[in-house]
Amino acid sequence: MLISKKRWLVEWGDCDPADIVFYPRYLEWFDACTTALFKSAGLPIEELFKDFGVVGIPLVDVRARFIVPSTYGDELVAESQVTEFRRSSFVLRHQIFRKELLAVEGFETRVWTGRDPENPTRLKAQTLPKEVIRRLSNERGGEAAVP
Amino acid sequence: MLISKKRWLVEWGDCDPADIVFYPRYLEWFDACTTALFKSAGLPIEELFKDFGVVGIPLVDVRARFIVPSTYGDELVAESQVTEFRRSSFVLRHQIFRKELLAVEGFETRVWTGRDPENPTRLKAQTLPKEVIRRLSNERGGEAAVP
Amino acid sequence: MLISKKRWLVEWGDCDPADIVFYPRYLEWFDACTTALFKSAGLPIEELFKDFGVVGIPLVDVRARFIVPSTYGDELVAESQVTEFRRSSFVLRHQIFRKELLAVEGFETRVWTGRDPENPTRLKAQTLPKEVIRRLSNERGGEAAVP
Amino acid sequence: MLISKKRWLVEWGDCDPADIVFYPRYLEWFDACTTALFKSAGLPIEELFKDFGVVGIPLVDVRARFIVPSTYGDELVAESQVTEFRRSSFVLRHQIFRKELLAVEGFETRVWTGRDPENPTRLKAQTLPKEVIRRLSNERGGEAAVP
């Protein structure tokens, strides 16, 4: 599977009065890591949805374990990859490291979602395109594309 | 177990370009629901940590299922309760409803956390006080306290 | 002018390691207060944009003064109103109070914005409808609508 | 004056249903840019507050102009510098560019804040240290420190 890496700083505003990251921030970062993985696969989000006629890849399920707390000024590195493809959904794993230590691990189950042709105000799951699966599976392409 | 309810509106800024709630917002709401549950139990967060010598109740684990999407203008209602007490941690369940329909369900595992007496810059799990368990378990007290 | 009120609690996750509200949260609340003002005027956001063919009311300018800090557990009350109508923009004032004290005051200049008919991927300012001005100016209607 | 640069991507979750950045995000970025400027000056935030006995640099005033909207996938670059030093406060200017175009400009007035010695639960403005002024004024040091 293609693995993408993302690196960022924990900001002051990411932290709460206990001086550690307010936990929903990690889920915002999972979302950004998913975008980074698609970009690594040559599927940048600003073109992805138009090219494939989808409106988004919303979640049906998320799980996360918080192992080591982080605080402002810490540098975090995430490794993200798909761990499972289903018909219209897929599972992503994000591992966030602080100084080589696994700090947070999360799994997102996302659905390839378009407009319902019978009622365009509603969303509807769509079959995951082969091209998307191929690109997210391509180990070589991914490494090359990581900036 | 004590059950608390919380009601709020989905705001424009909670939603993403797919016109639905950006999913980390639900986890922010879980956090606010946990605060509301403690308040219902007569343990308001602004006194809780000072009274019991803790610095927070950070998460070690979270799971959520997203069943029905919501958008700006929707009114959501959450029901929150503890589903399990352990030595120094506890599990909370949050059920978020839109028009009587279960829209999101989540489980947070949180740890009762103080300063490590041997190194005050570090956090350390502490035994959950009996008083806190009693209050979060008290069905009657909770109903009375819900505003 | 119509004045709307909004009341909410400062949450744990709204605060930073200095134990006070992380300041961009106030701007998120300004946005929610603007939505509340429109709702008070009988213009709920979930219908507003469809009814009037706009895609949003983005900002061109914001100013805010932070007078008294707030922390988690504090109850805040905001009073919001339009202070000036221009051709396609308008100025809103939000005053946030903590225990009767003016804590934050802000002014947002927003533009009534639709799709550019010549290029629907671009946004374009549109003349503010008379109906919208009338409703936001109506003192009596507003008081009635505040929940 | 020392000028620091920061570069980042607009994420999906930064944008609202009008497909443009939800405006309070810019203020979060201003905060991160302030941190980056201090880091460029050799004053990383994780040491700054301990070294100088302050608890934060909260805002008393902010102004921003939103000139060009941005959306997910856009790369933004900010240039930040102090434009004025006062006794215990200072003014920062942040200019955010998209493709060489000035997209957002903001001014933050921040206060050098410590605990009130007579009541440590309260915050109190403190005289800005000469060392901090010197470092934020040092053009040469800044350029070297930008990563």
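Going in written order, the chains are labelled A, B, C and D, and every chain counts its residues from 1.
We take it that contacts are C-beta pairs under 8 Å (C-beta built on N, C-alpha and C of every residue); 3 or more make two chains touch, one makes a residue touch a chain.
What you see is a predicted model, and the numbers here were worked out from it, not measured in a lab.
Just to note, of B-D and A-D, the chains joined by more C-beta pairs in contact are A-D. Distance from the centre of chain A peaks at C, each centre being the average of the chain's Cα atoms. Between chain B and chain D, the centres computed from C-alpha atoms are 32 Å apart. Taking each chain's centre as the mean of its C-alpha atoms, chain C lies 25 Å from chain D. In whole angstrom, the spacing between the mean C-alpha positions of chain A and chain D is 28. Contact of a single residue of chain B with at least two other chains is seen at positions 12-13, 16-17, 19, 22, 24, 28, 31, 56, 71-72. Contact topology of the protein chains: fully connected, every pair of chains touching.
Of all residues in chain B, only 9, 11-13, 28, 31-32, 35, 44-47, 56, 71-74 touch chain C in the complex they form. Residues of chain A touching chain C in their complex: 12-13, 15-17, 19, 22, 24, 71-72.
Chain B meets chain A in the complex at residues 16-20, 22-25, 27-28, 31, 55-56, 58-67, 69, 113, 123.
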